[in-house]
Amino acid sequence: MVFLKRQLPLLICFIIGTISAVQYYIPTHLSSDVAEGLSNWYIIVAMFASLLGFVSVGMVHSKKIQRKEPGWAYSALVFLGIALMVVLGFWSGGKETYDDGRISPFGWLYNATLVPLQSTMFAILGFYVASAAFRSFRAKSFDAGVLLVTAVIVLLGNVPFTNYIWATGLGIHDIAGVKFEMTDIVGWLIGTPNAAARRGVTFGVALGAIATSLKIIFGIERAYLGGGD
Amino acid sequence: MEIFGAWLAVGLTLFMFSFLYKDNPFYKVGENLYVGITIGYFVIQLWYKTWIDKVWDVLKGEAHDRFLVLIPVVIGILLLTRFVPKISWMSRWAFAFVIGYGSGLAIPATLTTSVVIQAQATAKPLITMPDKSEAAAKATEGAKANAEKVAAAPAPAGETTEAKAKREEGVRVARYKYLNARSQSEYSFLTAYKDFTTIVIFVGVFSVLFYFFFSIEHKGPVRVFSRIGILFLMIYFGASYGNTVMGRLSLLYGRILDLKDYSRPMYGCATPVILVLMIAFLAFLHVKNKGKEEEHAA
Amino acid sequence: MEPFFKKLLAMDRRWIFLALGLAVIFPTFIHLNLPGLKPSPNVTAVYDLIEGMPEGSKVLVSFDFDPASKPELAPQGVAVLRHLFRKKHKVVAMGLWVTGVTMAKDIVTRSAKESNAKYGEDYVYLGWKPGNFAVIENMAGDIHGCFPKDNDGNETASLPLMKGIHKLAEFDLVVSLAAGSPGIDTWIAYGSDKYHFKMTGGTTAVNVGSMAQYVQAGQMVGLIGAMRGAAEYELLIDKRADAAAGMDAISLGHYLIVIFVLLGNIAYFVTRPRKGGA
């Protein structure tokens, strides 16, 4: 029983992990067939993994309704949303538009609810960015000053009108052939020091990800098994 | 239905925006509805695009190996045993497959894309040697001739300001092309600038890596180099903030545009009507709660 | 001066929200048409790449974003599709983000209708499958196996355009319009670096900094960044649309935020406690 609960999952992880890693370097038809097969299986399993998430959310909200916790009525709205979308989705046969171009009830509900809700959820962040600019963005040290100056240059440079004032108004286009308009300054900042810093971070993250993946495949990292025996 | 859809979209948009005033019932309605609608949409897409297309239709088909598709279905069902405490240990097999596949595929992909190729792009020659070949000299001559030709072209009569600006831009572009060609065949200011850029990238990458290397104490030359890394990181964060502002403002503009569109009479002036109703209701709630607070205080 | 700045710092942040709201709303009613928009080298590189491909080239366009990023990436998608259809390239569209499926279909259908492109011959919309990187890996081996049917339920193998395309590497170009991950980095890591096809794309302003390293390393050709990049692309294809119109609002918002940053710092330095005694 211990083998089935503990060792077998580690063995499955090792075999699948090794095959997926090694097939990348084997340019044969068998290798690509294996890669294709495994990826196809993964897509189907991903469907069930998504269901796992939905059932978890459903359980959290249904508990809230059962226990009549504060705000339980809002949890009922979650189920209302699911029911509406699922019913209209099946009614429309999963199609957003019919063959004649008419929008289906499923497509209509998507445009009338999901689009405005999701869009607005991220749009309100714009206001918080402005608030942070005024209340939190302080040049309290040299490093913070560098951050602030860069941010202000990028903010100004991202506006085409600033480049118009700089290039057409002040007449600054280049220095001995090196392009020096506001757009070029921002482009250099993003394409050179920013890219360099990002690359340094990428190296670190990539090496960490590779190390963690190897630890998972070789069974050193077992958090995914969960607790218990 | 279109007008009803417009009113629904405007209502939900303003519900979410009401959070800027403070957390309120409108926002909570929008937030919870969003969770439910998203899950419902996801379920329909999974059913038709994955279950029907990749499992059901395959099983109904005539391929001799069609029953192999039941293997991932069984693995997927094992995932769901997580909700049955007595047999939840079986979900470990499924998780092992998912995690193992993802981890295995990530190793070569990450190594190639994020390490090898990025390292190649960093380790470029720090000093460019001029190309003294005939082809490079010819290219420079050609670009020079073209730049001179464009610069010498007379301004047409009655040229507008916009046309003049465009012509001057054309002269600049031809000159940049010549200077760029020249920088390949001889060491010029532009060549030095390109080398400077390469050096900045080289120093930036290594100094940032040094900053994150905690196995040795950051003192002396190591401290100086990691301080340079911090400066590069500050430029990265500053640029990220600047770009984030543009991103968020773009999203805000998108919503404002939709709200403006739906305020037209053809949509029943949805935006102003719903806005007024919401403000009235929130004002009513504010007065009611203030009254309750004063009662409690008394 | 100090009491004024102290009051300013203690101001309710909802006044800041109101100021920003007005700055963004104002240009939607009164078009300022601020000048100065010029195509940047990265956007020009994408344009030149599509412009230079022979007519009838096969291009995969992956709409890897959801409605949250629509204002930035939808204009990019429309501009790129207009260019592709104008050059008579063959377009296969799909997406890796589930909540963007319907929106992407709408973008593709409208652009195709505008260009009189015929479904199945000039363009195909495959839709979405779960799995992120696994979808790319699956498409690399067999696109018809990954997408046995298109988004509307038509057999992929029956579509004339798809008859000649079986693997990812057979595309002349892959364009990923991405709001994050899975997106450009996923297509590069699991796609173009392994199967060696040409890669380009567009992304949101937030991710431009992260994608710069791939452009610098040559793993992708150019990059369309944010709504500004979309506006620049519209300029290049000579068809000003949503993105160009939005730049006025973005511009005013940016200037306001710069003023907030400078004002906030001035207020901080004026009101901060002095070191040492009186």
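When the chains are written out, they are named A, B and C in that same order, and each has its own residue count from 1.
By our rule, a contact is a pair of C-beta atoms (placed from the backbone, for glycine too) under 8 Å apart; a residue touches a chain by one contact, two chains touch by 3 or more.
Please read all numbers here as calculations on a predicted model, not as lab measurements.
Visitor: Averaging each chain's C-alpha atoms to get its centre, pick out the one most distant from chain C.
Guide: Looking at centroid distances, A is the chain farthest away.
Visitor: Among the chain pairs here, which one is joined by the most contacts?
Guide: Result of the pairwise contact count: A-B comes out on top.
Visitor: When the C-alpha atoms of chain A and chain C are each averaged to a single point, how far apart are the two points in Å?
Guide: 14
Visitor: Counting in whole Å, what is the centre-to-centre distance of chain A and chain B, each centre being its mean C-alpha position?
Guide: That gives a centre separation of 9 Å.
Visitor: For chain B, jot down the residues that touch at least 2 other chains.
Guide: As it turns out, chain B has residues touching two or more other chains at 20, 38, 41-42, 45-46, 48-50, 54, 101-102, 105, 108-110, 114, 118, 121, 201, 236, 239-240, 243-246, 249, 251-252, 254-255.
Visitor: Would you mind listing the residues of chain A that make contact with two or more other chains?
Guide: 24, 40, 42-43, 46-47, 50, 93-94, 110-111, 114-115, 118-119, 121-122, 126-127, 129, 133, 137, 148, 151-152, 155, 158, 168, 190, 194-195, 198-199, 202
Visitor: If I count partner chains per residue in chain C, which residues reach a count of at least 2?
Guide: Residues 17, 20-21, 24, 68-71, 99, 101, 129-130, 134, 137, 151, 153, 194, 205, 208-209, 213, 216, 226, 228, 250, 253-254, 257 of chain C each touch two or more of the other chains.
Visitor: Within the complex, which stretch of chain A touches chain C?
Guide: Against chain C, the touching part of chain A is residues 24, 32-33, 35-36, 39-40, 42-43, 46-47, 50, 93-97, 99, 107, 110-111, 114-115, 118-119, 121-122, 126-127, 129-131, 133-140, 148, 151-152, 155-156, 158-165, 167-168, 181, 183, 187, 190-191, 194-195, 198-199, 202.
Visitor: In the complex, go through chain B and note every residue touching chain A.
Guide: Interface residues on chain B, with respect to chain A: 1, 4-6, 8-10, 12-13, 16-17, 19-20, 28-52, 54-55, 69, 71-73, 75-77, 79-80, 82-83, 88-89, 91-111, 114-115, 118-119, 121-122, 165, 172, 175-176, 179, 183, 188-190, 193, 197, 200-209, 211-212, 229-246, 248-249, 251-252, 254-255, 258.
Visitor: Can you list the residues on chain C that touch chain B in the complex?
Guide: Those in contact with chain B are residues 14, 17, 20-21, 24-25, 28-29, 68-72, 98-99, 101, 127-130, 133-134, 137, 147-149, 151, 153, 185, 188-190, 193-194, 204-206, 208-209, 213, 216-219, 225-228, 246, 249-250, 253-254, 257.
Visitor: Which of the residues in chain B end up touching chain C in this complex?
Guide: So the residues of chain B in touch with chain C come to 20-21, 38, 41-42, 45-46, 48-50, 53-54, 57-58, 101-102, 105, 108-110, 112-114, 117-118, 120-121, 201, 236, 239-240, 243-247, 249-257, 260.
Visitor: What residues on chain A touch chain B, complex-wise?
Guide: Interface residues on the chain A side: 4-5, 8-10, 12-21, 24-25, 38, 40-52, 54-55, 57, 59, 71, 74-75, 77-86, 89-90, 93-94, 106, 108-127, 129, 133, 137, 143-144, 146-155, 157-158, 168, 173-174, 176-179, 188-190, 192-207, 209-210, 212-214, 216-217, 224-226, 228-229.
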